[in-house]
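Chain naming follows the written order as A, B, C and D, and within any one chain the residues start at number 1.
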Amino acid sequence: MTATQNPARAGAGAGETRTLTLIQAVTEAMREELARDERVVVFGEDVGARGGVFLATAGLQAEFGRARVFDTPLSEASIVGAAVGMAVRGMRPIAEIQFADYMGPGFDQLISQAAKIRYRSGGQFTAPMVIRTPSGGGVKGGHHHSQSPESYFAHTPGLKVVMPSTPYDAKGLLKAAVRGDDPVIYFEPKRLYRAAKGEVPTGDYTVEIGKGAVRREGRDLTLIGYGGVMPDAERAAAALAAEGVEAEVIDLRSLLPWDRELVLESVSRTGRAVLVSEAPRTANFMGEVAYVIQEELFDQLLSPVVQVAGFDIPYPYVQDKIYLPGPNRIAAACVQALNY
Amino acid sequence: MIQPFTSDPLRWVSEDGQPIRELPARFTPELLRELHRQMVRAREFDKKLVTLLRQGRTTFYAQASGMEGTQVGLARSLRVGHDWVWPYYRDHTLGLAMGISMMDIVSQCLGTNSDLCRGRQMPHHFGVADKRFVSISSSIASQVPPAAGTAMAQKYLGTDEITVCTFGDGATSEGDWHAGMNMAGASGAPCLFVCENNQWAISTHLREQTASETIHIKAKAYGMPGYYVDGNDIVAVMEVMEHVAGRVRAGEGPALVECLTYRVGSHSNADADAEKQYRTREEVAEWEARDPITRVERLLEHLGAPIDPQEIRDLVAAIHREVDEAVRAAEATGQPGWEIMFEDVYADKPVHLERQEDFLRAEQPATVGGRA
Amino acid sequence: MTATQNPARAGAGAGETRTLTLIQAVTEAMREELARDERVVVFGEDVGARGGVFLATAGLQAEFGRARVFDTPLSEASIVGAAVGMAVRGMRPIAEIQFADYMGPGFDQLISQAAKIRYRSGGQFTAPMVIRTPSGGGVKGGHHHSQSPESYFAHTPGLKVVMPSTPYDAKGLLKAAVRGDDPVIYFEPKRLYRAAKGEVPTGDYTVEIGKGAVRREGRDLTLIGYGGVMPDAERAAAALAAEGVEAEVIDLRSLLPWDRELVLESVSRTGRAVLVSEAPRTANFMGEVAYVIQEELFDQLLSPVVQVAGFDIPYPYVQDKIYLPGPNRIAAACVQALNY
Amino acid sequence: MIQPFTSDPLRWVSEDGQPIRELPARFTPELLRELHRQMVRAREFDKKLVTLLRQGRTTFYAQASGMEGTQVGLARSLRVGHDWVWPYYRDHTLGLAMGISMMDIVSQCLGTNSDLCRGRQMPHHFGVADKRFVSISSSIASQVPPAAGTAMAQKYLGTDEITVCTFGDGATSEGDWHAGMNMAGASGAPCLFVCENNQWAISTHLREQTASETIHIKAKAYGMPGYYVDGNDIVAVMEVMEHVAGRVRAGEGPALVECLTYRVGSHSNADADAEKQYRTREEVAEWEARDPITRVERLLEHLGAPIDPQEIRDLVAAIHREVDEAVRAAEATGQPGWEIMFEDVYADKPVHLERQEDFLRAEQPATVGGRA
């Protein structure tokens, strides 16, 4: 558990790999799942001929036809609801919401239908489906193309919530989401779409939902994040290493459920935890992680758990970069924890 | 012959039970008696459940009395267990007429171990997989987009199933209603939308709900035909449904049918004094005179095959025994234990739910039972 | 700050009081605000002739007429959106969402319009409005009439979120919400509607948004809650007192913003905190409170902050009472904290 | 004379600039030249801003080229600063024609200190209080329920204002669109809904958006009249708007006007290669031939008052200078400092935001400036 999870070891075995960007890995996962299982369809606003506004679905309609990859009317409630209804009837829909900021109009479908149909029916009806959506800031999108609403969904029993930060995880988590029997909200950190590159097995593999990954080993403190902040967390760790501080870096990958064992094991060794996310601070998902750490490791903690998070304001346009926790702010929080 | 967008509701039998169009051959006295029996069964079920409610043995109930023509008529137009139904919370009469057992419905209302839905939802929100009758969500109109999705799946999979989606008049104001209707229209999926227009949404009259003159006219916004039918005339309901379901099944795309009816009872136990609050006794009396059950009785008289009043009394007594037996059998299975709370949240129980279950186990004495 | 906040002292001065239930206090606040300010209107599903499904608006239409108290179409997006548009045009709408479980269809209006219009317009347009909605469990309503979705809103910058647990606060907070210049989500703990009775000044007063109240003083630990759980928290404190343990009981009353000073001052004295809420545990608002306590009072804490919360499942029907944290579960958590 | 629910778009001037109905007297050559000038000004503004975008000086832009007939025509039918407008993100041409200064729009696009909205939103989402032009939200159709609310307030307050709410064709699929339309209908509030139907929602054609034949027909669902107008014929737009706004102002309830037009540019900078992706060059060419600006030029020729090409060249040059000057003046005000981030979240800054501001102050060097 404590070893850095190396893609080659963690997943697909000794197979071939290629360097892909995160968005290419997303596309590849969809392509392979479409090819593997006729029950899989891909739909959303502009995902067909246009290939999605970020081109995540580029080429898929040409390859699989309009019955399997198609545009929908401009309505997130229609999209989420259609996914629920298809899933109930035995399909495996992958639906795209163009920006996570636009989950709002589909919110009731997610919380009242997708999240609860298994429970309310006593397991008679289920909604195995995936909602993919680009989230997070750093692209000068202002508050309607930059938000990180994952905490809403992590607080909704019945949903699963994941957010990859590497191409390897992007492919593996998406496949796991498609094959699982629960509704999964799959957030794609849009500023890593092309910035995150990495080795991705050409073959089939999945990344288990609910498991985090250690990105870097360290003994002095544990730096925990997910999604778009991960590269900056790793940069912060590298900067600290240059000054002799060894931060262990954990990528949660899954928020609901999240990997408490991995986190607790690490913090029990390091005694210090810094939690990094870009969502507004108040009632942020990371409050949960902080709560559990202090509850379980009260006597082992050497300093308070520290959060680096977004500010409690609508995501601003001009101050796009200042808003985000960058490597300096993250490193400063680590130093604060170390100097406590 | 059966046209969409009529200005008056399509009707076969007048309010006093006279055929005003030629009665289709299938409406033999035998069939009419069978329909009558089903409507009476549902009406009596309502009465018995209201009593159960008054006795405090269940906590919520929403009568469909007065709406039997619509719901029983609709049930007869489905291929039960083949077509899918995304119903709403006032559809127990539809469920009964589709052959869902009283035991299943009562069990859900009582939240006993025999509840197929395992006591998760408030009374009256049942669902039965083998009838493809999807479990009901309270959130008004939230069933409409999923219904479009199920129909899209049916089209994609190349089945000859259709999806039926029901809702009240009030539900048509919700954004999700629009989203589902438009999605169905745009996709051309085989979805039959049925508005059970009982003219009230709790205390809000249809006139306050929307400025559109009728509900069926709203179908124009989705490029689908909208039919307007007297929902208290079961012959009309069945004729129109037969025709429209046929169209939908034939791949001609979705359609909307508005059944004009009335709920003669209160919205639920919460407004038992409805007439003191928001509507007049006269209005209720007017609609009681258009009762779908009496209308069939009059029609049978007109056809020279009246039902013997004693027969009705025997029928009612038998139904009451049936309900009593269902209640007894359901209650005998007991209430599910607390452990069941943590099941069916996900396909597999994640660690955090195991921990929460362990926590509760330490607090609660173990309970016996739970449906196998 | 540490003194028990006595209604008579905290607010209206020496005026007369009457015993009201919580729901009567809500009605009275609306009646007085309608009378005070012509810009105030009250609307929602069935709030007119029917007086609302819980009768919170009973009598108001008869008193103020159909122009000021009216039924709307069955659409939460219409209701919230209309409130936004009216507020922008200078009115002071009080809108009712029939159950907090039905905020879903109005969610985008709340997060995209109400919460952001002041910010996005640079303060040129504002939405001073109140959304009242009954929330919480304990009424055998199953998961669509029992949920506690406040954490979603507490995580939404631009909104204010309050939840009274006493008739005094119900009236004072609602008046403050109506008169304030921000959009306020006002949750009404429905199981206290008639169960909570208390003295309420006949005259005019407000309770400041953002301020908690000490319900009981104590030195051994701090018990913090809000809304429907408060009576049980007080019962737990009374039971503990019988065994010689003095719990200080804080009612947060406001979630966004919340009263960190009051909480920190108390916990800095007691050294122990137990947080009580009924919303699902994961990513619950109380995680934020726990985070802040351990961050600010790391060295003063004698035991980990403990949460008593709802389970991470859709609210069940049959196990309505078991789901809720009752006095025994709360007291047990206190004992756990004390015995740490 | 001006009827709702026509099967073809209402038109006064043919595509080649010939009057096909009697030209109302107010359309003197002077007025037509003024309309032409406003349309050209908006068109050139688009071009200049696209250049600015290519230069990386702004990050987003959504052209309205091709839609000037609709937006300028609408602007002329409002009482600017009196009526309220809930616009959508492609309405800068409407804004310009309403007299919002280039400086205000450019400042918002650049997020400079001169931005009335203080750099909070992505380019092209401006708002100007003294024009009662509400600041734009990206969330499609989210302006529709609030527009109904503003109109309800106007009715309640007894003003003679109306509310204008604009949206694209794609927006009509959203649940909120329905919610707002129905609320307006049910309340009878003075709201004028204008659909700028440019036939595409990014890459999704109206035919995939909805199965309804037109947008205006959807008005039937809300009990309001729906008008269908050639949005590239500014005479038609102004005549219909004049009539409909008059009705709305007179208290006859809300109305929907569908203006059929086309966006000849890309959706935004994000799909600059639109023609390679989802639509044909032929389609674009076909609509370019129906251009609203050329149509007015032809009409003026027909009226014997042609515009001298040199005059147009001078006009264009003047507009370019006007844009350059606005850009220069806006950029000269600088970018707002980070402190501004924490303002306008609430009327007063709560403690937690003060703390977050303090945190950032310790991290960031202080910046100078901020709009007074």
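Keep this in mind: a residue touches a chain if its C-beta (ideal position, glycine included) is under 8 Å from a C-beta of that chain, and two chains touch if they have at least 3 such contacts.
What you see is a predicted model, and the numbers here were worked out from it, not measured in a lab.
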A-B or A-D - the one linked by more C-beta pairs in contact: A-B
Chain of greatest Cα-centre distance to chain B: D
Chain A and chain D, separation of their C-alpha mean positions in angstrom: 36
Distance from chain B to chain A - Cα centre to Cα centre, in angstrom: 40
Chain centre separation (chain A, chain C; CA means) in Å: 32
Distance from chain D to chain B - Cα centre to Cα centre, in angstrom: 45
Multi-chain contact residues (two or more partners), chain A: 72-73, 75, 77-78, 101, 104-105, 108, 112, 116, 119-120, 143-144, 157-158, 281-282, 311-314
Interface hub residues of chain D, defined as touching at least two other chains: 120-121, 125, 137, 139, 173-176, 178-179, 182, 186, 208-210, 345, 352
Residues of chain B defined as touching chain C within the complex: 59-60, 111, 119-122, 125, 137-141, 170-171, 173-176, 201-204, 208-210, 270-271, 277-278, 335-336, 338, 340-342, 345, 352-353, 356, 360, 363-364
Interface residues, chain C side, partner chain B - complex: 45-46, 48-51, 53, 71-78, 101-102, 104-105, 140-145, 281-282, 311-314, 316-319, 322-323, 328-329, 332
Residues on chain B engaged by chain D in the complex (per definition of touch): 173-179, 182, 185-186, 188, 208-213, 217-218, 220-224, 253
Residues of chain D that touch chain C when the two form their complex: 84, 86, 115-118, 120-121, 125, 127-129, 134-135, 137, 139, 142-154, 156-157, 163, 175-176, 178-180, 182-183, 186-187, 343-347, 350-352, 371
Contacting residues of chain C [partner chain D, same complex]: 41, 67, 72-73, 75, 77-78, 80-91, 93, 105, 108-109, 112-113, 116-126, 157-158, 160, 180-182, 210, 257, 260-261
